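Comments concern the structure below.
First chain written, first letter: the chains are A, B and C, and each begins at residue 1.
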C-alpha cells in the first residue's frame, strides 16, 4: 500500500520514515539545522514559500501538532488554511477523495493530514495531483514521521555519533504511531540498539521484526541506555482494559529519577508530549537536567520547516535563509 | 427590500444577481478570467488588497464556501478574520446591527456574510457604513450570487456564445438559493432557454415568472441541453416529507450516464458541491469527461477575487496582476 | 502575587493597571493616538512586528476581545495563532505551566491570555521566559487592563483635562474586572471623583478602599457626572440569585435618556460591550449623540497596537508609523 520512495535527492510526500532513504533523512536533519537560526532570530520569517497554500486537514484534533505545522508554514511565508473536519462537508457525507479533489481545485500546494485511520495519508498521496505534496501528521497507529525525525534531530544535537547509542522506548508501543516512526528513524540511521519496554498487553507481538529488543521490566531495559523515550499513555486510543490503572502503570513503568539512575549518567530523556505527569513520567525527571522534552518542540518546528521546504523544492542551498 | 443597483461601472455590495447589470456581470467574468493566471502560477499572490480587512461572518457553517472566500482574500493579500457566530457574542444576545456596528468600528473593509435567513445580506448592506462592502455568501433561500457567477463563468469558458444555449437545472429548486442565482445570471446573459426539472413538491409554483420552462420528467428536460446542472439535495433545509427517499429520488432524477446521453453530445455537467454520489448524480457522471464540477471550485476562487477587487475599487486595469 | 512594575520607561507584561506608572499609562495613550491614523488609512498595516509570533490563548470564549487583539497584531504585521483551549491539550490534562513551556518552545514572542480565574495572567507572567511578553485580556474578576486603558483613551479624546472630571460607573461592580481596571486607570490619571452605583448585592464591601464613592441610587449618582459608564450585566458570572430580574434591574439601574438628563449636558456614555439593550442601557441612549460605545471599539485596537508595540520595544519614535 505504501508508495515507492521518491527519486534519490528528492522529497515529495512524507508518509512514513520507512519510505525515506538514509540520505534523505540526513538531508532533512541538516536542512532543519539550518532553519534553527531562523526560529531563534528576531524576524522569524523567510520568504521561501510566499504565495504557496498549505492546508492543515485535521480529522483528529491536535492543537499542538497543528500549531507547529502552522508556525512552520507561516515562518516560511506560506498562506495557511486550517480545515477542522468536525465542522466541514465531510460531515455532510462527502468522500475523502472528493474532499481531496476540491482542495486541489483550490490550488493548494501542500496538504498536512492527520486522521485516526492508518493508511489515510497514503490514500491522499496515492490520489493527489502531481503538484500536491502530502505530509502525514499522524495516521492511526501507522506513522507520525515528523515526530520520528524531530526525535532523531534532537538526539543528534547531543550525541552526533548515533552508531554507538542504545535507545530505550518505554510504554504503550502497541497504539503508538510515534514509536513506529521513532524505531524506523533510529534504525535507518544505524543506532546500535533500540529497546522497547512495557506491559505485555501494550507491546505488539511482531515488534521484534522491526529490529528492536523487547523487554518487559524497566529495570532490565534502562541499564546502558544513552537515550530514554517515554511514550504518552494514549488512553483515548485504547480499547478495553489493557492496563489496570494509571497509578499501577506509574509504579511499574513511570520514569522516575531513581529508575533513570539505572541508565547512563548522561542519558537524554525525551517524550513526544503532551506529558501526563505522574503517569508515564515523574515531574522531577520531566523538568530535570536530562530532559530535552521542550527542545523537541522547538526542534519540531525546524524539522517541519525543512520537510516543507524540501518537498516544495526550495531548500538545499544557502539562499533559503535570506 | 433590495437596494438599488450600483452606478454603472461600479460594484459596491454583491447581494444577488438581480441587482447587477449585464455589463457588470461581464466585467466580473472578464476580471475573473484575468485572475485565473494568478491562481495557477507559482506565487499565487497579488498585493491588491494589502492592508485591507475582510471579515467572514458565517452564521451558517460552510467550510468550502468560507475557504474559497478566505483563499480569494489571502491571494489578494488582504487580512482575513473568520467569525464563526456559533462561538460569538451573537449567542450573548447581541443584535445583528450591533454586530455590524462593532465590526465597522474595527475598520473592516469587507464583510462576507452567510446566514440561514433570506434578506440578511441585504440587511447588512442597508445598514453598513459607506466604506464597507457586503458580499452575500448565501442567505436563506434567496441568493448565492458568487455561485451563480462562477457557474456562468465556467460555462462561458467552454461555450462562449451563451445566446444559443439550453441550460437544464435539475432538482430541489424550491430550497435552492443556488438555483435562483443561476437562473438570474443565465437569463441576464441572454441564454436561449433555462429549464428547471424536479418533483412537483420541489418546484415552486411561481418559478415560471423568472423566465424558465418547468418540466417534471428528466427525460423531457434533457434533450437538446447544452448544459446540465444537478442541484444538491438540501436535506438540511427541507421541512416535512417532501420527497420519499434518496433511492427513489435517484431513480427518477439522478443524473446517470444513460440519462445524460439524452442531452447534446458535448453537454457540460455542473454541480455546486458538495455532491451526494448516488443521490442527485451517479459517480461515473460526476467523474466523467463532461463534468466540470471541480473546475467550478477553481473558477470560484477567481470569481471571488474579481468581486473583491472590483468592490474595493482595485481592478479593471492590467496593473492589478503585478 | 502581582509582579513589581517594570523599570521606568519600559513595558514588558501588561497584567493590570495597578502595576503601571502614571507615566507609562500616558505613554500608552500617546502611542495609541499615533496609531489611530494607521487604522483609518487605506493600507492599515505597519511592519513593526513582522516575523513576531503572537499567541491568543483563550480559556474563556470572547470573540470580540480576541478579534481586536488579532487585528491589532495583524496590523502590526505579526503572525497570529489562535489557541482556543476548549479544543486543546489542556483538555488532555496538561498543566498551565506545560502549556506555557510548550508555547515558549515554539518561540512565540507574546502571549495574550484570557482566563476565568483571577491571577492567571500573573501566573503566566511569573513563569514566562524573559523574552516573552504576557498581556492580560481578562482574568476572572481581577483585571482587564486594555479595557481600562481604552476607556480613559476614549474619555481623554473628548475631555483632555481629566483632573476635573466626575466619572460614574453603573452596575455589577462585584463581578466586573472591567470596573476594577477602569477605576484604577481613572484614579492613576487623577480624575476628580469616581462613583460606583448599583444594587447592594453587586457592590463589593471593600470597594471604597479603591478611592471611589459608593452610591446605591442612580438618581443620587448621576448629577454632575461628566462621564457615565454602564457595565454589562455579567449574567454568566453570577452565582445564585443576586438580582431579581432583568426588567427590575432596568427599572432601577437602566441608563435611560431621562436619567442621563441628570448628568452634565455634555456627559459621555461608555459601555464595554456587548450591550444588553433594555437591560443595562436603553437603545436610544446606546445609539444617541452622547454615546461613544462604538468609538471604544475602534480605540481599543489602537490601544492594543500601542501596548503590543511598546511591550516588544518597537514604539516611541516617529518611524513606527512608516
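What we mean here is this: contacts are C-beta pairs under 8 Å (C-beta built on N, C-alpha and C of every residue); 3 or more make two chains touch, one makes a residue touch a chain.
Every value quoted in this text rests on a predicted model; they were computed, and no experiment measured them.
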Category of the chain touch graph - line, ring, star, complete, other: complete
Magnitude of the superposing rotation for chain A and chain B (Cα, nearest 5°): 120
Same vs different contact residues, chain A with chain C, by half of numbers used: different
Distance between the centres, which are taken as Cα means, of chain C and chain A, whole angstrom: 41
For chain C, residues that touch 2 or more chains besides their own: none
Residues of chain B that touch chain C when the two form their complex: 50-53, 79, 81, 83, 87-89, 92-95, 98, 101-102, 104-107
Chain B-facing residues of chain C, complex: 39-45, 61, 63-64, 67-68, 70-71, 74-75, 84, 273-277, 294-298, 301
